[in-house]
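First chain A sits with chain B, and in the next complex the same chain sits with chain C.
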Partner chain A sequence: MNLKSNWWKLLGVILTIYVLIAGFKIPLQPGILELSQSNAVIGEEYSTEITTYNTFLKSAEDLNVWIWLPNDKLIKAYSTNVINETKVEANFKLPSDIKKQSKKALSAKILIDSKTEGHYFMRQAVFIKEGKSQSIPYKDYYEIDVIKTKTRLAFPFQHILYETNRNTFFHVAIWMSMFALLLVSCYYSLRYLINPLHDYDKRSSSLTTVAIVFGVAGLLTGSMWAKYTWGAFWTSDVKLNMTAISLLIYLGYWILRGSVSDIDSRARLSSVFNLFAFVCLMILVMVIPRLTDSLHPGNGGNPAFSTYDLDNTMRIVFYPAIIAYFLIGLWIAQLNYRYLKVKDYLDFEQ
Partner chain B sequence: MLGRVFNIIKKEVSLELRERYTFFSSLLYLVAITFVVFKIFDKLEGPTKIALFWILLLFTAINMIGISFGYQTQKRKLTYYQMYDPQELMLAKMLFNYSKVFVAGLIMMLLMYIFSNEALKDPILFFKVYLLVVLGIVIVLSLISAISSYSQNQSTLVAVLSLPLLIPILLIGMRLSLVSERMFSDSGVSSYLLMLLGIDVLLLSLTFIFVPIVWKS
Partner chain C sequence: MKSNLLLTSFLSLMLSTALIASGETQDFFRSTGKINTVLAVVLILFFVLLFFLLRLDSKIGKIEKHINDDYKAS
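Up next, the complex of A and B:
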């Protein structure tokens, strides 16, 4: 193999292996799954059993449980009792002057930190209501900078998603590399229209074929993800349906190629249709998300990938994943193109 | 150029008059299918009525426009090829198709008014949407018809190729016509109308770029 001209194939394979290993082997950050008691009353004691995920509480050093108030003040649990590796019981005394900060029932975060595992917290974990008793007097609040942090290589812990977060490297990356492949396919369609050589048409059609396969793969992985997070294989979610529409468009492209028998007009018409369809697909991508809410991140009040979904740890796997699938797709397309070329040659010989 | 375009349109009209049963058969199809739909649903209101209006209009348009390029015999095609500039022919066909679909849509609105006994709540907005959506449908279907005229099973191919491409136009049209029927309010009506206009202009320019390429054979 000539490494000078085929380096991108090697890069694609290495990156794919890297994505598979890193995507599955890097652990999730520790997180809090649930609380046994989430209602607290001001001026009274509050004790709860906290279930955590991916933690080793028994071996944790200097373990502390905190209530994180909206004004970034912390209340420390006066006693913590580790039950097993993923369960801890915490007891708080809620001071009676919490209410001064806000009128409504407060929703506070629960935060756990330790020297060995750093800190992790859960949003909207405790709801603090007004109480009658004034038994617990003023107590010192802690500032936010007492929390111990520990940086380590781990993917963010996200509610509902949990371990399926890793599907970002497959579902989203496949979907994006499909768009990249379609873009390259359009480039060759354009070149065919400028300079009608059948070579360009073969390249374009084999790239589109690979893109359709990628689209099906993206749909399948997305469907599995939807089953575990939204509860159904198929939802009325717009982006899911957009994928289906783009598949319909490109299946139409196949049918068009199949139903025109003349080689020249087939190449010309499918090039035109390919460009036209890509523009329509772009319109679709821009238009549809504006029309309805989506369950996907970045739409309808859901956090986007760029904010805290896709943190730096995920980026170091996510971006290589897009490049890896794109390169692998190009390779498959090249093989497909060579097959078409050989087939043409053999047909010509006969 | 405009004179030549009108000349083509005049020729198209005379051809259409010679074979006027095709236009009337699509109108009959429209009337029949509207009647069937109203009999099945018994009472039509709300989003269903609007959705059915657009779907039935879309299928009628596919019926009318889908064959507008392939209907010609090989001889007529050769004549056209020698006589006309492809872009002028496309423009003439589009204008003619637009008027046909426009008339069909008006008839359908009348039918819906008669059957459901409900007037349009915001006719001005609805007509703006109607003009733009029909324009989009006509542009896409005309180009797809020209593309698929080279294939044997043209009518199926037109439906298969054009339906997914028409989805964005239909979705915006659906939303805007729901706003015009006071189903819900939306502050971005004018921006949606502009978006629809932008899509139409984009598709129109693409069509004019591609038509000479499709035409040569």
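Up next, the complex of A and C:
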């Protein structure tokens, strides 16, 4: 194999290996799983047992537990007691002058930081209610700047997802590379319509075939992921149903190709159908889920890939993953294209 | 024949996944931070691609057989 013209295949393989190794070997950030007591009262003592994930609390240096108020002020635990590697008891004295905006309970974060493991926190961990006791006088609050520990190179910890956060590099990336393959396929369809050479049709149809295979893989992997995070293999989520519809449209592409026997009209019809199906896919999968509520992140009005869902550590694996699967898909499509070429040539000779 | 074998192996993999999911060992995919779900996702991806590649392989094999028959005839 000539490396000069086939360098992209090697690149695809190297990137895939990189994605597999980095995607599995980079650890998850430590996180907080649950609190034994999440209700606190202003002006009273508050103690809770915190269960953490992926931590070594016994060997942690300078371990501190904080309550992080909505106005970005911190209250330090006056004593902490490490029970085991993933359990710590923290005791707070909540000052009586915590300001409340409304009558509702104040929702605060819990933050843990240590020299060895960096800092990590849980949203909506403590609910602080109004109390009658005025026993605890004004006490200094800490500014958020006191947290100086750096987080290590790790993927973000997210509730319910846990390690399946890594599926972003497999499930999401395979969808993205499917879109890229379909885009290239549409390019060749367009070229066929401008200049009807059967070579373009062969390229376009093999790319679409591989893209559909990627789509089926995306659907199956998504179903697996959904089972262990959303609780069911198939939910009535908008994006899922719209994806199923677009896959059915692409199934129509195959049926169309199979049912027309004349080569010229088959190529022309399927080129037009391919362009039509791509536009449908874009509207069904990228536009409609944003107009309604969806379980998928980045839908229901929110911009996709916010810093919350995809941080920089994930980007260094996610983008190479898209390129890797795209190149592997191109390779497989090229094999299919070469097969079609040989088949055509042999039929011609007979 | 080859594709039949592949199909059955693929279906049995799917079936066993479903059985594991519904049976007593439900905690398998949820244990150690659900890492086994990621493993299953990667395996599904691999098997789908393998399925397609083996199909392509058998299609190319048919053409090869055709060529070999032509050689024998001439």
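Definition applied: the second predicted complex is superposed on the first by the 333 of 350 C-alpha atoms of A that agree within 3 Å, B and C clash if a C-alpha of one lies under 4 Å from a C-alpha of the other, contacts with A are read in each partner's own complex, and residues count from 1 in each chain.
In the analysis below, contacts are C-beta pairs under 8 Å (C-beta built on N, C-alpha and C of every residue); 3 or more make two chains touch, one makes a residue touch a chain.
Just so it is clear, the structure is predicted and the values come from calculations on it, not from any experiment.
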item: Contacts of A:257 with chain B and chain C, given as first, second, both or neither; value: neither
item: Partner chain(s) touched by A:93 [first = chain B, second = chain C, both, neither]; value: neither
item: Touched partner set for A:248, first chain B, second chain C, both or neither; value: first
item: Touched partner set for A:193, first chain B, second chain C, both or neither; value: first
item: Contacts of A:265 with chain B and chain C, given as first, second, both or neither; value: first
item: Partner chain(s) touched by A:203 [first = chain B, second = chain C, both, neither]; value: neither
item: Which superposed partner A:275 touches (first chain B, second chain C, both, neither); value: first
item: Contacts of A:213 with chain B and chain C, given as first, second, both or neither; value: second
item: Overlap of the chain B and chain C footprints on chain A, listed as residue numbers; value: none
item: Chain C to chain A touching residues, read off their complex; value: 17, 21, 29-30, 32-35, 37-38, 40-42, 44-45, 48-49, 52-53, 56, 59-60, 63, 66-67
item: Chain B - residues contacting chain A, complex; value: 140, 143, 147-148, 150-153, 157, 160-161, 163-165, 167-168, 171-172, 175, 195, 199, 202-203, 206, 210, 213-214, 216-217
item: List of chain A residues in touch with chain C within their complex; value: 20, 24, 28, 53-54, 161-164, 166-167, 170-171, 174, 210, 213, 216-217, 220-221, 224-225, 227-229, 328, 332, 335-336, 339, 342-343, 346
item: Chain B-facing residues of chain A, complex; value: 193, 245-246, 248-249, 252, 255-256, 259-262, 265, 268-269, 272-273, 275-277, 279-280, 283-284, 287-288, 291
